[in-house]
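Structures are listed in the sections that come next.
Note that subunit A is present in both complexes that follow, paired respectively with subunit B and with subunit C.
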Partner chain A sequence: MQVTLENVTHTYQPGSPFQATAIQNVNLTIRDGDFLALIGHTGSGKSTLAQHINGLLKPTQGRVLLDGQDIHAKGYDKKEVRRKVGLVFQYPEHQLFEETVAKDVAFGPKNLGLSQMEIDERVKEALARVGLSELDAEEKSPFELSGGQMRRVAMAGVLAMRPQILVLDEPAAGLDPQSREDMLDMIASLHRQGSTIVMVSHAMDDVARYATRAVVMDKGAVAMEGAPEEIFRHGETLEKMGLDVPSVCKLGLQLKKMGLDGMENCFREEQAVSAILALWKGGKGHGAE
Partner chain B sequence: MALNNITLGQFYPAESVVHRLDPRVKIILLIALIVAIFLAQNLLAFVPVVLFLYAAARLSTVPFPMLIKGLKPLRFILILTFVLNVFFLQGETPLLDLGFTVIKKEALITAVHYSLRLVLLVLASSVLTLTTAPIVLTDGLERLLSPLRVIHFPAHEMAMMMSIALRFIPTLLEEADKIMKAQTARGADFESGHLIQRAKAMVPLLVPLFVSAFRRAGDLAMAMEARCYHGGEGRTRLRVLKCERRDYIACAVMALLIAAVVVLSRLY
Partner chain C sequence: MSEAIISVEHVSFAYEEEGREAVRDVTLSIPRGAFHAILGQNGSGKSTLAKLINGLYLPTQGTVTVCGLDTKDDQNTWEIRRRAGMVFQNPDNQLVATIVEEDVAFGLENIGVPTEEMPGRIEKALADVDMLPFAHRAPHTLSGGQKQRVAIAGVLAMRPEAIIFDESTAMLDPRGRKEVMAAVKKLNQEQGITVLWITHFMEEAVNCDRVHVMHDGQIALSGTPEEVFADPDKIRVYRLDAPPMARLAQQLRQAGMPLGQGILTVDEMAKEVCRLCK
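Right after this comes the complex of A and B.
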């Protein structure tokens, strides 16, 4: 399944004094199996872009195509888009409302009109996926949970709809390091199991670690697109946009300043470790001479 | 679906004499003007009121269409008032024979009178809200109501509550929009179905909204206490309201206006 954004422009409150163009002329294709990272400074239009992928926002200009069909065309069933493309908002725990965890997770599948048996099964599966199978979902109120657990329940609520594409808006924002790690591992495992992932993120380390493709947004337009390795090569351009490079890249630059080459092509921790090891061994050999 | 096209408050920022008037004076002037509008017993007596409003609107530099926009929500009531009065009031002088009914001159005059009264009331309050920032307005209200403290009326607390409410309306609207979108993404439908279904569909929106409102209220209370807020007792203010020459002039003009209205009402 493939989502294509064609020349998408979105203007908030057009015609009013508060008119603001959030994204302009964006062209983007999300292919099956992608782990796409949407990177950009605050206000660069990432979230607006994310909301176009499942048809929550209608482009002011341009089209959004799902498998070649315009999702805003007359007669196209929007529910179809919502079923195929799941969207997890920033701080999704703020959307919980039901009396029990199970009922909350069941909200999405229920809206799809599934049978009770199917719903129960999906709820169980979704909760297991987010690592909450131990929870007494039938009894516990979502408001009694910890922040990290609440977020996982909210994620389960989207996963229970079994979307093929999962769009996540800063899924790890505001979590403690452990929950953060768990969250990202969970997303990575969903990707491994075949889901297409679109993740809005500020954290370049995460992008380097998980993404297969990255799109950099700047002032509402796509500034760069490509594999994370390629994008992080343009550290200076990224910095100009108020963005960062992974900490591994920073280390590489520091070492370069000290006259130690060999880390130019490192973006992930494991790459850095082997490069540093090589440097160290080389250095020691040099010293022994 | 999107709630972001709701513009809240209608304050039109500008630098004009009317904007700079003391908010207390403006509130009193509005009340006086409303009294004058009700004192006017005939159409001629409306002339000074209309002139005054016209002058105020011109001085305020608020564009005319913005002023008129305040009338829009009232158009049905206006038309209804006018039509009901024209058709159902009794009179002596027939004016127009429509076959099924005869429109009387007295009925027409009364209809115009009542409609005009409504229009003027709305325009008068629009001039106030267009030229006074909500926060300044609550400040003015607080000061006007503060003498009531002797009968234990919580003027400061009321004003504080009003300013906080005003401050948080856009925030909550934004929040509501976000939650609505999040639930829509989960297949919720806020737009179709009959009344009861729609009311039920609001639950996934309202519960998180209330939860978040309470959370915000808790945070705000904490932040206020952390800055030693303890109510209005002994609190000094950033903006000290002071009446100036323009305020006295405005009051004098208003006094003349009321006198003129009373005299013109008696003339007939």
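Right after this comes the complex of A and C.
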């Protein structure tokens, strides 16, 4: 399955004094098996872009194609898009509302008109996929859970629709370090099990570690696209856009300024370890031994 | 030793009677002019502790004094909140007025500052956080970092001696976090305002004078950032992570590279690598 954005422009409140173009002429293809990171600072248009992928927002200009079909064309079943592309908003736990975890997760499948047996099965499966099998979902209120668990329940609600593409808008925002790592590991495992992932993120260390492809948004347009290692080679450009780079890249840039080359292609911790050890063994440190 | 502006002595607190204690026997002292950080995972009790210091909660056991005033005494409440202001997590929940300068004025009206004194105080407070050019803007048109700086100005206008930041950068993007952090550091260094910085971002704690790690309602570890992050494995026990450069340093040391101790920032790491490799 493939989603293609073709020259997509989105203007909020067109014709009003508050008219604002959030994204302009964006071309992007999301392919099966991608773990695509959408990077950009606040206001760069990445959330607007994310909401086009499942048809929640309609382009002011351009087209969004699902397997070649224009999803906004007359007669196209938009429910089909929503089923195939699951969107998890920022702070999705704010949207929990049911009395029990099970009911909350069942909300979407119920609306699909599935049988109770099928609903129960999907709820169970979705909770297992977010690592909450142990929870007494029939009894527990979502509001008795920790922040990280609440977010998982909200994600399970989306997974229960069995989407093929999962769009996540800053899934780890506001979580503490351990919950953050658990959340990202869980998303990586969904990816390994075959889901296509689109993740909006500010955290470049996470992008470096998990994404297979990255798109950098700047002022509503796609500024860069490529594998994380290609993107992070342009650390200085990213910093000019007000973006962070992985801390390892920062170190590489700093060392370069100090006249020490050799870390240009490092963006993950383990790469930095090997590169620095190579520098050390090649430098005076080793010679002195 | 300098005078403690915030003093927490054997404080415990439970949300309900006979319920589990969210804060257990915590003792903490913050000297005037210091910049201390409290780190802890969600649910470790760090926000509860902040609210105990501000007098929003009263200890079930022990004593909290702020500028020598006991939080348990009702008469002190307003004076404590003026002297030790608090900035919260969500930038959208703290601004109440429709124009930035009116928002800053809000607290002043509450404490009965004479009208003629207000414009000067508001102007200075906004200038201190570089938000003066935005004085006539509507808060909803600002970025998260800008909103938080307006919230800080609102506290500053009350001329506090200390400010407690309860995860004030948790909902901001990297640029917003940097803006807020820079503004707070400046207030601490130039005006001597005591800062208690509650966070779960390790990199925000590396420049503090002292770091207190909370775990399960207690202070599990206290020391300079260098001491606290010296052993990344130790900090992981509290479900926290050492700053990236401390982790990298640990791996390089394990591989035999004789790096110096106390590396927490990119600059420190770069200097050490240059020293050993160039």
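Throughout what follows, the second predicted complex is superposed on the first by the 280 of 289 C-alpha atoms of A that agree within 3 Å, B and C clash if a C-alpha of one lies under 4 Å from a C-alpha of the other, contacts with A are read in each partner's own complex, and residues count from 1 in each chain.
Here is the rule we go by: a contact is a pair of C-beta atoms (placed from the backbone, for glycine too) under 8 Å apart; a residue touches a chain by one contact, two chains touch by 3 or more.
Bear in mind the structure is a predicted one, so any value in this text is a computation, not a measurement.
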item	value
First (subunit B), second (subunit C), both or neither touched by A:143	first
Which superposed partner A:33 touches (first subunit B, second subunit C, both, neither)	neither
First, second, both or neither for A:157, with subunit B first and subunit C second	first
Partner chain(s) touched by A:42 [first = subunit B, second = subunit C, both, neither]	second
Comparing the two partners subunit B and subunit C, which touches a greater set of residues in subunit A	C
Which superposed partner A:96 touches (first subunit B, second subunit C, both, neither)	first
Residues on subunit A lying within both footprints (that of subunit B and that of subunit C)	none
Contact set on subunit A toward subunit C in their complex	41-43, 146-148, 173-179, 181, 202, 205, 242-244, 247-248, 250-251, 254-255, 258-260, 269, 272-273, 276-277, 279-280, 282-285
For the subunit C and subunit A complex, residues of the former touching the latter	40-43, 143-144, 170-171, 173-176, 200, 202, 239-241, 244-245, 247-248, 251-252, 255, 257-258, 266-267, 269-270, 273-274, 276-278
Of all residues in subunit A, those that touch subunit B in their complex	12-13, 16, 18, 51, 54, 56, 79, 82-83, 86-87, 89, 92, 94-98, 107-108, 111-112, 143, 157-158, 161
Residue numbers on subunit B that touch subunit A, as the complex places them	4-5, 7, 175, 178-179, 181-189, 203-204, 207-208, 211-212
